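Following are the structures in question.
What follows is chain A paired twice: with chain B in the first complex and chain C in the second.
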Partner chain A sequence: MEQTEVRQKVLDIIADVALDEDLSNLDDSLALRDQLDLDSMDFLDIVMELKKRHQIEVPQADYPELATMDSCVTYLTPKFN
Partner chain B sequence: MTIPQIPVERSFDPQDDHYDAIIIGAGMSGMAAAIRLGMYDKKVLLLEKHIISGGLNSYYSRAKMPFDVGLHAVTNFAAKGERRKPLTKLLKQLRIPYDDFKLTSQFQSQISFPETTLHFSNDIEFFIAEIEKHFPTEKDNFLKLLEEIQNFNEVALDNPYASAKEKLAEYIKTPLLREMILCPLLIYGSAWEMDMDYSQFVIMFKSIYLEGFGRPEGGVRTIIQVLLHKMKEANVEVCYRNGVEEILTEKGKVTGVKTTRGQHLKTPLVISSAGLPETMALTSETCELKAATGKMSFTEAIYITKKKPIDYGQDNTIIFYNNRPEYQYRCPDGFTDPNSAVICFPNNFNFSGNHDGAFADDYNEGVLRITMMANYDRWKGALQESKETYMMEKERVHNASLEILNAHLPHFNPEDITFRDIFTPTTVEKYTGHFGGCVYGSPDKSRDGSTPYQGLVVCGTDQGFLGIIGSMLSGISMANLYGLMGSP
Partner chain C sequence: MATNSDANRIVITGIGLTSPNGNNLAEFRNNLLEGVSGIEHMEIRHMGKVAAGNCNFDEYKYLKKKMRKRGTRAGSIAVYCANEAIVDSGINMEEQDKDAIGIYLGITEHGNVETEEEIHQLYQNDLKTEFWSHHHNPRTVANAPAGEVSLNLGITGPSYTIGAACAAGNLGLIHGAQMIRAGEVQWALAGGISESTHTFGIFAAFASQGALGSDEDPTMATKPLDKDRNGIVVSEGGCVYVLESLEHAKARGAKIYGEIIGYHVNSDATDFVLPNSSRQIECMNKAMKKAGLGPDEIDIVNMHATGTGQGDIQECAAVREVFGPVANTHINATKGYIGHCMGAAGALELAGNLPSFEDGKVHGCRNIENLDPECAIDGLVIGAPVEKEVKTILNNSFGMLGINSAIIIAKYN
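Then we have the complex of A and B:
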């Protein structure tokens, strides 16, 4: 799977987890937490959704890898393939 | 505007005998916990002994009129797009769009003591100005208190008990102002008499003074309907008129439940919203934990009138009325305490901003609700003595309520009342199963939801969160912690 596809899959999840947020101006290099109203409960949900939709497990030690969109894509692309 | 019609469900018996989790009670916290677990494909059964959902915040109809019970206002109001607020967190966790709850904010409320009246709205600056006006020397102290409150982590699961009154006295020097600040917070959530736990005080302070009051259009049914819909989406199985008779445990570990309709069901996880003492009374093995039954219960008189409160000269949303210099938040010696009350005007929300205009509310009539502190033992005794004694006491509540209305509504005419209904502590007990008709749970809370049994968790008021938004967040947190993250 291409990185752009992975990005879209992550974006779809964030759009559902942060329901009322505008995602059109997301800067991929900045922390998601600083741009969107995401707290630890929401990151848990992103992890849960990855498992539910794509059978991808993210161990707790790897949660920091989900900090920015860029790091999400880098970390998740091998797992999608 | 139409009030949602919620169909009466006819499903009583579970489809299966093995579940990932069984939740006791379809109140706000139980439904929220069920949705969270169902969302992530857990096989969930929700057991409710009443015929409808809502628990302490439910609904009924009399004379073709829809009524709410419990809910005066939704605390923790937040406007759309406001970040990091409990309401916003809750909506995100349950995937509910903001607009679905149809919340409108209050106009303003009032704390009314013998010689002083303070108003507050959902804008804290307004309350600060009121305090400056009536207690000029306390303004700076109040600002310091605000700073302390804003920096306090009230939801940490390991905060020890501390007295709110003592903490408040460190900042506010005038006893009357302390009493006035405390009054709404106590009567809208304290399981303790005369005082409350400081963490709970901060939760209440933020939810009432910093966030404020709102009301769902159509009343509590609007919120319940959204939750019922979400439960369907999440494949949660709900059984009504079917409670838990026994929580089955072996060597301190949950193995299942026996329902009141006789089914034996297996599960490793029971999340109970029945209350801590009520839940402990259901376990098959005897246990060490002693949780006290809360003492605070209430009567409420509900009136339908031909005209709206604003026509009777009253534009406040809620009045916290107290007729003594010190606020006596405790179980009264008599049937009720007529010297203090909460007077709620559900018509007075969503003020259009124009003082000449009407409130854009969803009732065609006036609705007046008067809540008084009440003594459960007295009411229970009256009911056991005779129906006549019980009815006579209800009549006294009616008379006391009329006096309070006459004092607060300048142009009120009791002949305008077209319908009235009064509930008492025994009514609360009957419909919710809470011991002693108690409304804010036990003074003994389980902040992390745990009990002496592995796999048995409490959620709702006895986990220490308050208000309907707090209750739902409690259900969510406990489902996350014990059902999804896989703690014991």
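Then we have the complex of A and C:
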């Protein structure tokens, strides 16, 4: 799977978690939590949706890999493949 | 009741509600006077078509989408009602000491809706608990509806629920009054909440008990006090009041709906589900004693009257014993319009009668076409409203495991 597709899949999940947020101007290099109203429960939602929708497990030790969209894509692309 | 200083007199200064037939007091009252039912047929998991009362308020009027998804239906009802009550009261939240506000919400139960849904999802996921939601615990803790109000409004005073089966709506009000009088909080958001229509279990249990109301016409599915009644219609709803001391209300020039002048709570200690007339009589009498009133000084008695065979007879025996000999007292019941709103019932049904202080009308009971002789009581208002000057209302709410409550509200002069 291409990185652009992975980004879209992550974005789809974030859109379903951060329901009140405008994601159109997301800066992929900045921390998601600095741009969006996300808390620890939201991150658990994102991890759960990765597991449910794409059968991807993210161990707790790897949560920092989901900090930015860029890091999400880098970390998740091999797992999608 | 305590002393009569303004600091000890507790008044109602704001009302926020949602019922199956109205999303604010004016709408609700008008529909009670006009005979409009809020009961419809709905499809429910595992059971198919049932009669039920659902609310259609705007869940997002005061709640962000994310918080609605994270929280519970009960919480969304509570947040709506609490915000509506504050708006109605004229209180400016920006000027409030958030630590001095209490949130006390009566509930019949909480967590069934979320647990049933999780179990359903568990079976869709081949019983893999790894997909069990991390939201399960915060959604199902018993204080969730009150906690969601606290989070929504930034209130840092005490916020919790009061589990009291179907007496809970009254209990929320009573507890709120007690906490203000005790000096624990300056003012309170108090009342009752229920989201029961979103769980099949409560319908199935009433059906198994032979107490689930049904009819081809859903608006006739529950017929409290009618000879042909066949049970309860399960409904959701909420009603939250702003309560404050008379002193506090006067200081800010608040509109006053009425004053809590008496109440009583007791327990049957006799049966899990069957009521006990003797304890109900004691409950009403002790509430009147605290108010310093006799039965002839109560203008309206709103019955709990759920539409079950035995429950209605027992309560009618109790009300007849206390108020039967009294010509002044008018008696009504609300569940023929909206079904049984469980934890919200007491608070909602009281709200439906409070406008009587202003409009001089007593709404009637709906769906009594053939009054059960065992439910006949002098003063029972059937059908159309009657004109009457109203200065006092006694509101009954009773619940399973034998909890009884009566609260008396007086018109404020």
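In this section, the second predicted complex is superposed on the first by the 81 of 81 C-alpha atoms of A that agree within 3 Å, B and C clash if a C-alpha of one lies under 4 Å from a C-alpha of the other, contacts with A are read in each partner's own complex, and residues count from 1 in each chain.
The rule is simple: a residue touches a chain if its C-beta (ideal position, glycine included) is under 8 Å from a C-beta of that chain, and two chains touch if they have at least 3 such contacts.
Being a predicted model, the structure only gives us computed values, none of them experimental.
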{"item": "Partner chain(s) touched by A:Val58 [first = chain B, second = chain C, both, neither]", "value": "neither"}
{"item": "First, second, both or neither for A:Ile14, with chain B first and chain C second", "value": "neither"}
{"item": "Which superposed partner A:Met41 touches (first chain B, second chain C, both, neither)", "value": "both"}
{"item": "Chain A residues contacted in one complex by chain B, in the other by chain C", "value": "17-20, 37, 41-42, 44-45, 48, 52"}
{"item": "Chain A contact footprint on chain B (complex, rising order)", "value": "40-41, 80-81, 83-84, 88-89, 91-93, 95-98, 476, 480, 484-485"}
{"item": "Parts of chain C lying in touch with chain A, wherever the complex brings them together", "value": "64-66, 69-70, 130-131, 133-135"}
{"item": "Residues of chain A defined as touching chain B within the complex", "value": "16-20, 37, 39, 41-42, 44-45, 48, 52"}
{"item": "Chain A residues touching chain C - in the complex, by the definition given at the top", "value": "17-20, 37, 41-42, 44-45, 48, 51-52"}
